[in-house]
Amino acid sequence: MHALALLAASVTVVGAVMVITRRVAVHAVLYLVVTLLSLAVILVMQGASFAAMLEVIIYAGAIMVLFVFVIMMLNLGHPDSAREKEWLRPRAWCGPGLLAAIVCAELLYCMGTFSGPARPFAPITAHDVGLSLFGRYVLMVELASFLLLAGLVSAFHIGRNRVGGN
Amino acid sequence: MGEILLPLLILCPLAASMIVSVSAGRMGACAIGTVACTGVGISAVISIILSITLLSGPPAGVLQVTLWPWMHIAGFSADIAFMLDRVSMVMILVVTIVGLLIHVYAAGYMRDDPGIARFFGCMTLFVAAMLVLVLASDLLCLFIGWEGVGLCSYLLIGFWYNDPANTAAARKAFYMTRMGDVALLCGLLLLATATGSLRIGAVLAAVTNGQLAPSGVNLAALFILVGALAKSAQIPFQTWLPDAMAGPTPTSALIHAATMVTAGIYLIARLHDLFAMATPIMALTAILGTLTLLMGACTALVQSDLKRILAWSTISQLGYMFLALGCGVWQAALFHLMTHAFFKALLFLTAGAVIMRTGHEQDIFRLGGLRHAMPGLSAAFAVGASALAGLPLVTAGFYSKEMILSGVWHVHFGLTREWTLSGHPLWGIALLGAFLTALYIFRCVFIVFCGKKQGTSATGRTSRLMSIPLGCLCFLSLCGGVIEMPDTLPPLHLFSTLLDPKTPLSHADEPIWLVLAGALAPLAGLGVAWVLWGRATPVMHEIPGQAAIIRLARTGWGMDALYDRVFVQPFRLLTWLTHHDVLAHAITATGRLTQAVSGRIFQARTGFLDILSIWGSRGTGWMAYLLGQLDNGRVRWYAAWIAGGLCAGLAMAVLS
Amino acid sequence: MPAFSFNDILLLATTLFSVGLAGVLVRRNMVFMLMSLDIMLNAAALVFVGAGARWHDATGQVMFVLILALAAVETAVGLAIILCLHAHGRPTLDADTGNLLRGWNHG
Amino acid sequence: MNPLPALVLLPVVGGGLAWLAEHIQPHTTTPARDASWWVVLGILTVETLLLVMVTFHHPAHAGPWLGHFSVPWIPAMGIAIRLDMDGLSLSLIWLSLILCFLCVFLATRQVTVNAGAFHFLFLATLTGIIGTFLATDLFLFFFFWELMLVPMFVLIAAWGHEDRQRAAMKFFMFTQGSGLLMLLSILGLVIAHYQESGELTFDYFTLAHTPLSPAVSMLLMLGFFIAFAVKLPVVPVHVWLPDAHTQAPTAASVLLAGILLKTGGYGMIRFNVMLFPDAASHFAPIAMGLGVAGILYGAWLSCAQDDVKRLIAYSSISHMGFVLLGIFTGSRMGMQGAIIQMLAHGLSTAALFLIAGAIQDRLHTRDMYRIGGLWTAMPRLSTAGLFFAVASLGMPGLGNFAGEFLVLLATWHVSPTTATLTTAGLVLSAIYALRMVNRIFLAASRPDQHPIQDFPVRQMAVFACIMVFLVVLGLYPQPFMMFSAPSPLSVTAVTSREGATP
């Protein structure tokens, strides 16, 4: 077990926990960026450098920027963080925490161990992914494009309504 | 030439009818009368030419014209074909000449009627139809004319349709003759089935060859007899003719006295070979004829309506003709038909003129003493009356009646081997009828023309147009009969020789008192009539006492009421009862029943479903309430439920 | 030799997933809920990539790409909804007040 | 070019045009600008020219069939568009066209509400009728049979008189239900033929040669018979007719009485007697009994009606009884008589309905007790009415008599008693016809009558044409008898011979 890997993993988990416990949204976003970056490190360690790059560029770059923009537009202020505090009383944590813990425990319990000969480590390059994407899974790419298009259209539609509402 | 003239003979009145009908409202009364008279007049001329041609030919010569095939089909053929032999020659002469005279008269009589176009349209159409009837060489073709004259008769009786009684009379006439027509049609069907053709010659040949079983012959003769009886208003169909007097008087003269009603006599005379084979039917004809003549004479004796007297006298005279036909002396029947056409037309036309001039008064007791006001008409009526009564030697009626009487005397009906019917009783009744005829007609003459002057006053003059035909008819009534004389007198048999050159009627052995009796009976009638009504202080002013029998006789022996009770009322009742289509009701009722039943079933089903649904909805409601509690619309709860579900699913996977 | 075995990756991913799930369940603010969802998606993506590395198959990363696309769409639409709600008088972004999904007896 | 499909399709296409014309140029008060009416007139003229062409320029070698047309439709089922024309169909199509002209000249102009649609439906019915007369594929025949039903239903239901919905529904239910029976019979026959020969076909000529057991053939024949009997109509199933005729608009009444009833007679000749000669001859006594019952019952009820159109409708039942009687006498004579009777009845009854319609247009009533003395006010109309009433009572020299006489003669060959009984119907016919004449035309005119307009000369000329037709049919039916003989008698001859040999 690599120390760096351990570090990255713990940063990831801690970051995630921080995300769900922050009161101020921008803080949570920053923690989320940290989580994602550390996750990217783990991905690199898994030999998936292409995925890691996408993680950094798209997730940590594009999507998080989107969050930041929205939070800026929401114009949140002090009353909001106070309300968040009101909502985040420990009592509220009991049930969900318990449920999440049970799920986690069950998942871990049924995970078991994957024995068997592990393949010799070899990184999967963007080339392989590309071949696969536009070979066997070309139809899925198309579906994904449809999905993106649908998202685009619906986001535009909802946004336009907002403009009209104003 | 005959081939052209014969169709032309029919075509002329037809064309006149068409012209008159189509131009209704555009031509004046005068023009209409002229057209109609011209049409019939040309026909008369043609018929005279044709008769001369025929008479100059061989004795048995027949002019046959087949215009076109009518129906030719396997097993049956009929043609539109005409034939002129000596029987039909007599008829066309009568129809066209008497018809012409009556048309001329009518042109004057109907001058002021607004419906004159309709009148002449029907009259000329009638002449055409009657000519078709008498000229047809095919029985089916004859049937066209037969129904055609019936239709014209219907239209003319109901001519003044504003009075419901007139149209009712018209309908009655048509219905009663229609029944006869249907019987005739049955006879035709029978003959056509047996012989495959309805050509008169072929039918008669087939019958005389024995192609038809005797029962078939009898049946056919019976059917045809019924048709003839209905057309000629004999018992039991006599009731329509008196009512038919509702029409204009020229109509009564032409259709209901001179021509149409004689169609039955003509038909039987035409088919005399067929009837000769059917002895029972012959006897039936004779008996019915005798009954009718007696009944007609008796009824005429008590009538008070001038035209009705004449109508009943027509029935009675037609009875004479049927008697003659029944006795096999069809020549005598035709002879009487001819003379009857003359004198009855004369009587009707004179009566019409009288009625017209006295302001449409038809009751003889309200007329009277008209001798002075209208001497010409009185003379004409007297001539007609004497001809009808058959005053000996000077009138045509005497010779024709004498011919019938002598024919009846000699007849014997061999009905079965043992039972024969002699003609003598029939002769006796006929002689009684002759006496009664003179009695009733001179009663009429004396009351109307002699006697005291009554309230009604005669106005105007009889126009020239009307008096000329009367003169011609007077002449014919007096002298039309001398072409045939009894053997006791100079034996002249022009008429019977003309009709049947092979077997002229000759009764050289007949006793002289036979003729004498025939001559004396009318004279006796005249005498009695003079005693009763003719003297200055008549024995009888009115019909005495209104005895029940007389009242009965005045209504035609209650036959009308009887038919009304027996046929008309039940028919009306039944039609009223079945006014709504029974079958339709039955089917509708079935439908309703089905609907009701299905409605019940539906209700029952819905009731069951109601219970089910009430309970079901209650249960569903509870469930929905419960579920609704889960479904509170909060996203986080949904997520929690998903997580819980995942939890449970994993737990199951783990624990199993 | 990879730094993590597949089991470790699964362990990490489960943890991350649970944390994300807890976030979704706890937070009432929709922005936070979206972020938690992203965490859960990342956990799933991580499992795919790990499996791809374990069996040396590019399909894992293909799935990763697809999940990425899915996350992008989800985020975009979700944020649009948030903006819309915010503009329409729900400035608190409280997920519990938005019970439109309930449908019946709403109005 | 084969004229038969054009004959069938032209009216419905023209109907569409008429509808369009109405939309382009809506109905105006000036009759000269009545576009859809002119379109209909033009279409009928073209159709007539076509028919003239078929009548006089048919190929000589074709034998009794004047024309033939065949195009596969659904080959897998053996269904084809087969149209054949023989003298019977030709004469009935001529009758249809003449009556359509009559309607167009005299009746359809009175329709002012939605005239385009009316004309379309009118011509669509004509298409159905012509198709029925021409189709020799059983499936196609059924298709046209149903096709003529629907527009007629709409015509009655939409343009009819006071109780139209119910009448239309009755009409539809009766004819539709019986049509389904016929469909069953058709399918049965086809299946029987398929089992026999392994060939799936709806061809009339092929099916005519199907050997059938007596029971099966009787069953199939009954299916056909009931369908045609409803249309004809035969007495127990005539219930729809008086209502439909009474409530229908004038033009639809004319079509119904003039031609639609004739499709029943046509079907009986073409399908019952010719497809199943043996079964038909076994069935003949019952059918003849029904015919006589129809004659007497129709005439009887006709005597009891107060509604003019109802009276005419019941008289139709009576006349159609003669047709049934004639068809099932089993002789050529009877069949000829039935055909002549169909033609003559088509003309005379159609004219009577037109007159009744004209009276209703003018007086707004059909009750004979409220009409009266029309002769003074309308001599032309009354003359026409009298003529056609007299024709319908069977005056010799007019068409109806020729038909009735032949039928009676043929019946007399079979059973004199039946024929004698039937002639009673003639007396009844005189009663109802003259009752109508007396009540409407010859009664005293009513005092409260306002002045009414007589037929104009032009319309009278149209009526005169019909009168001439009737007179010609009555006095010279021979060419019609030669001409309108149903030609495939050879086919039946072949079948019966084949039926006899095994």
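Assorted remarks:
In this document, chain identifiers A, B, C and D correspond to the written order of the chains, with residue numbering beginning at 1 in each.
In the analysis below, a contact is a pair of C-beta atoms (placed from the backbone, for glycine too) under 8 Å apart; a residue touches a chain by one contact, two chains touch by 3 or more.
All figures in this text were calculated on a predicted structure; none of them were measured in a lab.
Set side by side, A-C and B-C show the greater C-beta contact count at A-C. Taking each chain's centre as the average of its CA atoms, chain C and chain D sit 79 Å apart.
Separating the centre of chain A from that of chain C, both taken as means of CA atoms, is a distance of 6 Å. Inter-chain centre distance (chain B to chain C, centres taken as mean C-alpha positions): 110 Å. Chain centres here are Cα means. That of chain A falls 115 Å from that of chain B. Counting partner chains per residue, chain B shows two or more touched chains at residues 640, 643. For chain A, residues touching at least two other chains, in rising order: 95-96, 99-100, 103, 107.
With touch defined as above, residues shared between interfaces to two or more other chains in chain C number as follows: 21, 25, 28.
Chain pairs that touch one another are A-B, A-C, B-C, B-D.
Across the complex, chain D meets chain B through its residues 235-236, 238-239, 242, 297, 300-301, 303-305, 314, 331-333, 336, 373, 375, 379, 383, 386, 390, 395-397, 402, 405-406, 408-409, 412-413, 416, 419-420, 423-424, 426-427, 430-431, 434-435, 438, 442-445, 475-478, 481. Those residues of chain B whose C-beta lies close enough to touch chain C in the complex are 628, 631-636, 638-640, 643. The residues of chain C lying in touch with chain A in their complex are 1-12, 14-23, 25-29, 31-32, 34-36, 38-39, 42, 45-46, 49-50, 52-62, 64-66, 68-77, 79-84, 86-88, 92-93.
Residue ranges on chain A touching chain C, taken from their complex, read 1-2, 4-5, 9, 12-13, 16-17, 19-20, 22, 25, 28-29, 32, 35-36, 39, 42-43, 45-48, 50-51, 54-55, 58-59, 62-63, 66-67, 70-71, 73-74, 80, 83-84, 87-88, 92-93, 95-97, 99-101, 103-104, 107-108, 111, 113-114, 118-119, 121-122, 124, 128-129, 131-133, 137, 140, 144, 147-148, 150-152, 154-155, 158-159, 161-162, 165-166.
Those residues of chain B lying in contact with chain D across their complex are 21, 24-25, 68-76, 80, 140, 143-144, 146-148, 151, 154-155, 158, 161-164, 167, 170-171, 174-175, 178-179, 181-182, 185-186, 189-190, 192-193, 575-576, 578-579, 581, 583-584, 587-588.
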